[in-house]
Every structure is written in structure tokens, then in C-alpha cells.
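In the two complexes below, chain A is the common chain; its partner is chain B in one and chain C in the other.
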Partner chain A sequence: MNSSNTLPVRKRKRRLSLTTKKAISGWIFVLPFVLGIIMIYGPIVFKSIQISFVSLEGTASREVKEFIGFDNYKRIFEEGANFLEAIMNGIKSLVIQIPSIVIFSLFMAVILNQKMAGRTLFRAIFFLPVILSTGVIAATDASSNALANMESGQVDTNTGEAGFMSSMDLASMLGNIQMGSALVDIVVGLVNDIFDIISRSGVQMLIFLSGLQSISPSIYESCQMEGASAWETFWKITLPMISPMILVNAIYTVIDAFTAPDNNVMGYVQKLLRGGTSGTALGSPIEAVQVGHAMIWVYTALVLVVIVLVALIMKAFVFYQKRD
Partner chain B sequence: MQKEQKIRIRKHQVVLNRSAGGDGAIAFFLIIMGVFMFIPLYYVVIQSLKPLDELWMFPPKFIVQHPTMQNFGDLFNLLSDSWVPFSRYIFNTVFITFAGTFGNLFFSSIAAYALAKIPFPGRRPIFTTIQSSLMFTSTVTSIANFITLSTLGLLDNPFAIIIPAWGSSMGLYLMKQFMESSISDDVLQSARLDGCSELKTFWSIAMPLVKPGWLTLIIYSFQGLWNTGSSIYIYSEQWKTLNYAISQITAGGIVRAGASAAASVIMMIVPILVFIISQSNIIETMASSGMKD
Partner chain C sequence: MDNTPKIKKESKHKIRVEFERAPLWVRIKSKFFSINFLKNVVYVIFRYILLIGVSYVILNPYIKKIFGSFMSPSDLKNPKVILISADPTFDQYKYIITENGYLQAALKTFLIAASIALIETLVCAFIAYGLAKFKFKGNSIVFALVVGILMIPMDAIRHSMMLFFQCFGESNPIGLFLSKIIPNYSNAWIQGSFIPRYILAFTGLGFKNGLFIFMLRQFFRGVPDELEESAYVDGSNTFRTFFSIILPISIPMLITVFIFSFSWQWTDNFYSDIFFTALEPPGTMFDIVSKMPDTLTELIRNHERKTMYQSTVVGTSTILVALPLIIMYCFLQNKIVQGVERSGIVG
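Our next item is the complex of A and B:
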């Protein structure tokens, strides 16, 4: 490895201080990533914000734009009461989902981190929902799911990959044993919720697992020597050491929930961005695009508020291995 | 706390102080949950082995009466009729997945290292910006992204997918947390004192210490890119992906149900193998050790 590549400053006569050298290498290291972000996201953000403030009406080429201030944002409140309600519902359900997903995945990770026969196999099994829920496989599942429901004469309202197991087998099974339909709905709903949480914990579990693996075994060994029980070791060692990953997972969960393609708000915004006006009071596809862009920014702002809140709450508990 | 010292040793290693009953309960729980999670996979595999008449039985059977490889044969027959040679789709997907994953790994790690471990002016605003960009997923940005990529001249070639993958903020965020939580500043300091350049410190000190972190990132990124389907950025057939080719087949509807079940199995095997290989590569690292405090 050629060190002169990274520190060209060395060749100069005037010697730079250590802090300056560090600063320069720091900048060089982040530069590719920052440039990438600016190049890829910069124009997108600019364009989208621009559209949200202008009227595209009567401009076929979308070149000539008329600045109309916050009108597009005002229209959200006029047309899209459902939109705001959907966001609020999303945030409400997150209040329950974040803790349950984080706790469940941490629990699984701690269990799967122990030495035991076939642990890689078990890990793979618990990561399966992540693999199963992407791409072709999800599509296949959904179609077989719909078909099964069609044949059993039941209309499944909880579509999506999470409903695969429960709605397909459980609902028809319960239907067969003549349970009341209200009761079936409750049971299926509950199982779907649990299954939803489990199937959305795959990545979080994996992150926790790697977090656990970077805790030094010698710390555990010394705990053994002092006679700490597994329970005490968990609360006194594992939890503080894993706390940075709890923050990552909480934020990942928020992002995952808000940006999933099957998210209601996402679907609605996407429809508007493609110029779809059905189900809205918007006059033309062009208006839909404008309001859609305004909605993206309202949505992004709200989600960022949630992320900052989560980060602030978690920060209080995070322990970093740092001493300066 | 005065307790009777009972150290349990299994395979020359001390195990946690837990009763045998506790072990049993955990094993029981794991097996129950494992079976529960395994059923969907089992079901997909079973579906791919069923002959057509068994596929549409209701209620669906969890046992195949006459297992057959017919579906896989059908799948390959269908694939060999495709516009471009089937190997081309495989090459495209493999290329996109590898270039995307390793580029993402490298750029995220090196940036994360700088953000976490090198104090330089401006790192806070940079990190805040990157954190905010976590929100920009392909769903929201697809149209504007199209314009950007076309200005950069990257449309209709695999880099339209690979380059945005390099800028995945989630990878950077993950790596930064790993760097912060499991690398002690003292280790880096002593490397620097011994005359190690910043790049070498990153490559030979920091990266081995966060091996679990980047193995996770590989799995995460791999399994996202592997499933890259039809994309609006790529329109010529020669750069389409495997996922796209297979989804064309499954789009055939009920008649193709057997072939599409076989396709699911094939698409699934690779990410599962990557997961298993990288997970069995993780050995307990000595991350936070090596320092006597």
C-alpha cells in the first residue's frame, strides 16, 4: 500500500500538524461517498423541491414554471385529509412496532448467539422472511395466497407477504371448524401481527447478531469467574455493549416501515407522481404531480422528526467504547 | 454476592451459568419457532416438486404424493426460449450484485471509518445529511433519479443500478455504528504512533475488527441487489436481470405455476447460501479486547 497516495502533504517542506493531516485524510475518505450522495440525490432533492413550489400547468415540456409559493402544500390539507391521517396512523403503529421488533430481534439474537448444534441453520431459518419477502418469491406467494382465498370463498383483507401463513392456513382452518367470523377475524389479526413482527425482524436480528459477535469473549469470561448468572450478564454486559445497535435497529425499523412499497402513504404518493387522479379531488395529472412532490416533503419532514425523536431517546442509553 | 462457583464447561469452553432447565426451555422455544418460520420455505420447495394436478388441490397439501422434477425441466425449457441467451441474464445479475455489494461495502466502510474515528472539521453536518438521505428510497426518487442518470449518461447499462447502490446510506450508518461501538480509539492511536498510515490503519486494523459488521452489510446488500427486477433505468434486453427473466415466466399465470415455484426455489437458494457461508465465517472476534485497561 502506497502511503504517499493518501498523504500527499508529506512531500511538502512545511510540516503539517497531526490534526491537519488527520483532517485531510478524513476528507479524502468521505469524499467518494459524499460526492456520490451529492451527485445522485442532490439533483433529485433540488428538482423535487422545485416542483413542489411551482405550477406546471400548461407547460407540456415542463420547462416553463410559474412560482406559486406554498399553494401545493395548502392543497395537501384541502385534498388529502386521508394522507395526513394515514401518516398519523403510521406513526401510531410505530410506537408499538419499534419496541416489539427491537425486543424480539434482540431476544432471538441473544439466543442464536450461543454455541449450540446447528446454530447457523437456525440463524438462516430466522432470516428466511427477509429473503422470502423480496422479489419473485413474494409475488408467487401472493398469487397462491389470493388463489387459496378465492377457492375457499373468503376475501382476504390483509394481503401482502406477512399474511401468507396466517390468512392462508389459519383462516381456512378456523373457517372449517365453524368459528364465528368475528372471532376468526380477531385471531387472524393477532396472528398476522405477530407474524408481521417476526417477519420484519430478520435484518434487525442479523445486525444484533453481529453486534453480539463483536463483544469480546474475555469480558464474558471474567463475568463467569466472578460468578455472574446468565441473566445478570445480559443486563450488565450484553445490553450496554449492544446499545449502539439498538439505535441502528430502531432507526432501521422506522425507515423500513415508512418506505416499504406496500406502505399506504407511499402507494398514494406514487400514484399521484405518476399523474393518477382517481380517488382525489385533484383536477389534472399535472396537479397531481405537483401535490405529490409537496407530499413527499411533508412526509419526509415528518419521518425525519420521528427519526430525530427516536435517536434522541435512544442516545440517552447508548454506550460507546470511547474514552476521549 | 457469594455464590457457589459452578462453571460449566462444554467443549473446552466455559458456558454461561444457566440451569439445564433453562437450556432445555430455550431449545424447545427455538425448535417451535424454527418450525414455524420454516414452513413457508418448506411450502415453496414442496410446491416446486408437485406435479400440476397436485398443485391446485385444496386445501393445499404439505406432502407431495408424486414428487417430480418436471417443474424445473419446464422452467429451463421456457428460459431457453428467451430473447438473449439465458446465461446473459445470470451474468447481468451476478455482475450487478457483486459490483454493487463490494462497491457499497468499500465506500461505506471508508466513509464510516472517517466519520467515526477521524476527528475532522465538518463531519457532523456530513453525517446529518447522510442520515437524512436514509429516507430517499427508490420508490420516491425513481422519476428524478431517471433524469439524473440520463444526464450522467448512465442509463441502459448496469451502472444505473450499481452506482446508486454504492451510495446506500444504510450501509454507511451501520458501519459507522460498528466502528464506533467496537473499535477502541487506543488501538488506532497505537497504530498511528507506530507510523501506520491512515489508509493502512483503516484496512488492516479497523476492518478486521468490524468483520461481523461488514459481513452483515454484505448479506443485506447482496440480498437486495440479487432481487433487482425490471428497472425503469434499463430497457435493452441484453442488460435485463435474472429476476426480470423469471418474473416474465411467472407472469404466465396459473399454467406456469409449477415453473414459477421452481423459479422461486432457485432465486432463493443463492441468498440463503450467501447467508450461511458468511454467518459461518464469523468467529468471535477479539474486537474490544487487545487492550488492557
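Our next item is the complex of A and C:
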């Protein structure tokens, strides 16, 4: 791609124009990435998709493969009823979780942006999960929680997040005030997931905070002069000005939540990809790997659809300040 | 009542004015007994309750783990002990540090994580600058690829990435090329080593690098063009401009990216699981957590509440993994917010 840009210029044997020069430097800047995509990531992704279309059965060498078309994909639907169920459950919980992460992080960013005593300390605590709940630490947390549950036989107090009140109490309390049972489920689910929601909002909070910082203080000043209340200022100024960030964060949250190793679907697929066949109708570990690859690409396609949908819906509400 | 201020004393620099102030009680009343003040107080109390509550939720698991890590086997059997140990012990720490080779592993992980984070920060800045400041055909396609890579779950490419780097022989273009030019080529140099991680870092394909490129791109878009134009007028080329003008002014943002990258490399379990299978005993942080010291394994086997003791040990190793990060974070956390505050990431 790089050469196609430079070739016609050489033919003319003229000095390069500024635009061409800038285009060439632009390509040089992104060259490492483009090379990486072509030589490393592309082949890796290609191979992964290839595995979902072949049978690895009885191949001693990893190179010889038999193309079997969409058989692996068909088997998802024939034998992977668990997978479809996991996807449905996953989407159901994410439909609630993703908006709550975005709203929570916006709310917290607005509060952390105000001047108050101890702001630095609170910010430090709030961004701690970005650093700490990843990789090994997150993985061991999940496994040790599972261990603790097995031992104590309790599910509610496992992580101690809702330590003041068990979810049973909460459910009965909400039931008493005549709340619909669907709504009670949602609220109890949110309370149980509160740690998840908070620890996943770190990056989003940072992005919102930077967005809030970039709103000119003079706009707020003029609002105050005109007598607008803080409430009005939030809805009329802060929200429209921050709306591009809401789009970015919504997309980031969708990606983050759907590809998180600890969500239901990923857990299920991970087991298959590592050759585990328990709880499925698959015969051998090799089959599990094939079907697992097919599943994960179906899932990725689904995520893509969700992202496009979210982007299209949000686009309608995003306000871009016109700059000169 | 005449309450116009009267000048009492005048000197060159100072002036003393006397005027009749409203009585103290009236002043207090108007300040503290107004609806506005009440509103503010309620708001401030509400805000602190919320902030402290959320902080509690975030810190609670770590606090529990810290207290749990000092518990001795007898504490776990004792029903009276909930949080604070009756018979504190350092055994868990001692065995993990000595038998698992924690210090060597920490040093090794530090070297790997710091070098990779440095490379990733610079490479991502380089790529992001190209995307932000140069108009060329395919700019938007490259940017779409950056976002697209974020979207592919790591597990989707886990297997094929392992194959790709293990069979650096004839199965992929680079291996094929190397085997053509080097006689008696073997792929042993790349197996079980950390070279693949550096290769990925140099091409901006490492863990969540798409996010870094995105953040930096938005930052560079906010840098005024005039800055570079004046450098060009003074005869500097694009690369010199980038290295001696753009990079220095973006240091706060680069530090933010570096901290993210470093801590994600430090706690990495994805690449360690794939690539470091053949590594010698003092492995990385990944091995500290995934491996149980022999003495403790023995202790756990003889203990009444096996799983509870085991999760205590795992919690202790988690603290050991997190501790260096927390220390670093204490010193650098201000920089994280600063970097992003100045970035003006606006879409």
C-alpha cells in the first residue's frame, strides 16, 4: 500500500508536493501497525477462522486439515444448546449492566470533577480497579470466590459486596413495597453486581473526566449569570457537551463487557477452546476446539452487530460542538 | 444609619477603613440559616456518603485479603475469628516468597513489563500521531482496524496465536523467509520465550493497544497545528518534530498510557499462559499465583477446612502480586488523572 502511493510520483520525476510528502510520512508513522496486521495479526486471525471451518480430527501435523464447510457452525446449534442459552443470559445481563456502567461512571465523574476535600484520595481509590482488577488478580479473585462459595454453601455473602443486606432481604423488602417482580429481579441483580459495575467503570470514568475538563468554564459562568440551577446546567450544558464521550464509552463498555474473560459466554467458550468437553455432547477435545472456534466467531459477529446498533442509536443523540 | 466606610488611617501602603458591620448574630443567621446553605450541607453529606460507600465497595475485597493473609491455620478453625487474626503469622508470605522465588519473579516481571510498557507507549504514540495529524488515503481504514482489533476477544486468537509463534518454521511468512536466508534454521529461539510479546509490542498489537492508540490519537488531535508548522518552517522534518516537540509536550498523557500498560503487563495471564510454558522456575507473577508452594500444599492437605485455607493462600499471593503495583500507583496516581485531564479527549 505504501508503494502505490509513491509510484506515480516517481514516474513524473517531479519534486513531491507537500500533500504527498505528508501522506508518505503518515504512512511511515502507521507502518509498524500495518506491517503487524499484514504479517502477524492477519495470519493469526485467518488461522483462527480457518480452524472453525476444518476438521482437525486425526491430524498428527497441525498443517494438514480437512475442509468441512459450515459443519462446525451447524454443530453449535445441534449440540451447543448450552451456548445459545449462555448467549441469551449473557445478553440479558449485559443489557442492564452496560447502561448502568455508563450512567454510573458519568455520575461519578461529575462528582469527582467537583472541588472538595479529599478529592485526590477518592480519585485514587476509584481508579484503583483499572490497575488491579485485571489479568492474574481478577482471575484468582474469581476462582477464590468460587472456592469460598463451595466451602460455605452461600452465594450471597461471597464477595461481601452487599454486606449490609443480603439480596434475599432486599428482594423481600422491594416485594413489600409492591414493586413488580421483573423490576425486583433487575434491582437485586444490579446490587449483586455492584462490585463488577464499579470495578469496570474505571476507564470510562477517566474518559468522562477528561471530557468534563474540556468543557470551557466560561460556559458554566454564563449559565450562573443567567440564573440557571445546577440541575438545569447539567441537562442543558454538561450532557450535550459530554455526549460524544457517552458514545465512546458506550462502545468501549460493550467491547469490554462482551470480551471480558469472566462473562458467562466467554467462560463456556474458553472451556471448549482448552479442549474441555464436560457438559457438552461433543466427543473429543479436538472437536471441542473446532466448535469453540466456530462459536467465538459467531459471538464476535454478534458483538459487532451490537456495537453497530449502539453506535447508530447513540449517534442520533450525540451533539458535536462546531469549532472554527 | 450612616454606614458609609470611614477611612481611619492612611499610610503609604496600608489603609484602615472602619465601617459598621451587621451584628454577629445577624451575620451568622444570614449565612447558616438559609435554604441555600441547608441545601449545600445536605448535598455535601450525601456526596460523602456516596463516595465513602463506593470506596468501601472497592476496597473491601483487598482489606479482607490483607487481614486474611495473616491468619494461621488455627484461626481458620476458630469460629470467633472473622477478620482480625487471633494468632497472626507470616507463614504464607514466608513460603510464597522463599519457595516460589517471589523476589526473582518480581524482578523478572518488572524488567519484562517495564520494557514492554515503554515500547508500547512509544510505538502507540508513533502510530497515533500518524493517524491524528496526517491525511492520507486509508487513514480511516487503519483507524477502523485499530478499533476492530480491540473487538476480537483474546480467546478467539489464543489457539492460533500459540500455533503462529510456536511454528515459526514454514507455516508462516516470517518463518519461511527466515528459513530461506539462514542455513540450518530452527525455531527454537522463539519457543517458550518472551520474544513474541516484544514482537507484538513493536507492532502496536499488544494487550489493549487499540485503546492506547485511540487515547493518544485524540490527544494529538488537540495539539494545535501551528506548533508543528512553526517547526517545519524552522527546517525540522516530521520525525524530528515528533520526537523533539510533540513527545515532550505529551509526557503527562504518555505517563498515563505507560501506567496502564505496565500494570496490565504485570498482571498478565494471557500471554504468560501461552508463551512462557517452558520458562525456568522463577517465572513471572503469573506463576506466583498459579503455583502453590510445597510446604503450604502439605499444610492444606492436612487442614480441616481445605478450601478456605487454600483461598487464604491464594489471597496472600494476590496481595504480593498487587503490592508493587499499589506502591507505584500511590506515587503516580496523580499523573494518571493529570494526563487525561490535559488530553481533552473530545470525539
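By our rule, the second predicted complex is superposed on the first by the 219 of 324 C-alpha atoms of A that agree within 3 Å, B and C clash if a C-alpha of one lies under 4 Å from a C-alpha of the other, contacts with A are read in each partner's own complex, and residues count from 1 in each chain.
Following the convention adopted for this analysis, a residue touches a chain if its C-beta (ideal position, glycine included) is under 8 Å from a C-beta of that chain, and two chains touch if they have at least 3 such contacts.
Note that this is a predicted model, so its numbers are computed, not measured.
Within the superposed three-chain model, A:Ile44 lies in touch with chain B and with chain C [touch as defined at top].
After overlaying the two complexes on the shared chain, residue contacts for A:Pro99 are found with neither chain B nor chain C. Of the two partner chains, chain B is the only one touched by A:Ser218; chain C is not. Legend: residue contacts after superposition of the two complexes on their common chain; A:Ile111 is shown touching both chain B and chain C. In the superposed pair of complexes, A:Trp297 makes contact with chain C only, with no contact to chain B.
In the superposition on chain A, contact of A:Val34 is made with both chain B and chain C. When the two complexes are overlaid on their common chain A, residue A:Ile131 makes contact with chain B and with chain C alike.
By the document's definition of touching, neither partner reaches A:Pro285: not chain B, not chain C.
When the shared chain is aligned, chain B comes close enough to touch A:Ser229, but chain C does not. Comparing which residues of chain A touch chain B with which touch chain C, the overlap comprises 1, 5, 19, 22-27, 29-30, 32-34, 36-37, 39-41, 43-45, 47-48, 108, 111, 114, 116, 120, 122-132, 134-137, 139-141, 143-144, 147-148, 151, 198, 203, 206-207, 209-211, 213-214, 244-245, 247-248, 252, 255, 258-259, 261, 266, 269-270, 273, 296, 300, 303-304, 307, 320.
The touching residues of chain C, counted against chain A in their complex, run 44, 47, 50-51, 54-55, 57-62, 64, 123, 126-127, 129-131, 133-139, 142, 145-146, 149-161, 163-164, 167, 171-174, 199-200, 202-205, 211, 213, 238-239, 242, 259-260, 263-264, 266-270, 285-286, 289-290, 305, 307-308, 310-311, 314-315, 317-318, 321-322, 325-326, 329-330, 333-334, 336-337, 340-347.
Residues 1, 3, 5-7, 19, 21-27, 29-30, 32-34, 36-37, 39-41, 43-45, 47-48, 108, 111-112, 114-116, 120-132, 134-137, 139-141, 143-144, 147-148, 151-152, 164-165, 168-169, 172, 198, 203, 206-207, 209-211, 213-221, 224, 227-230, 233, 241, 243-245, 247-248, 251-252, 255, 258-259, 261, 266, 269-270, 273, 296, 300, 303-304, 307, 320-324 of chain A are the ones touching chain B in the complex. Chain A contributes residues 1, 5, 19, 22-30, 32-37, 39-41, 43-45, 47-48, 50-51, 62-63, 108, 111, 114, 116, 120, 122-132, 134-141, 143-144, 147-148, 150-151, 159-161, 163, 194-195, 198-199, 203, 206-207, 209-211, 213-214, 244-245, 247-248, 252, 255, 258-259, 261, 266, 269-270, 273, 289, 293, 296-297, 299-300, 303-304, 307, 318, 320 to its touches with chain C in the complex.
Residue ranges on chain B touching chain A, taken from their complex, read 1, 3, 5, 7, 10-11, 13-18, 22, 26-27, 29-30, 33-34, 36-41, 44, 47, 58-60, 107-108, 110-111, 113-115, 118-123, 126, 129-137, 139-141, 143-145, 147-148, 151-152, 163-164, 166-167, 169-170, 172-174, 177-178, 180-186, 197-200, 202-203, 209-210, 212-213, 215-216, 219-220, 223-224, 226-227, 229, 243, 246-247, 250, 254, 257, 260-261, 263-264, 267-268, 271-272, 275-276, 279-280, 282, 284-289.
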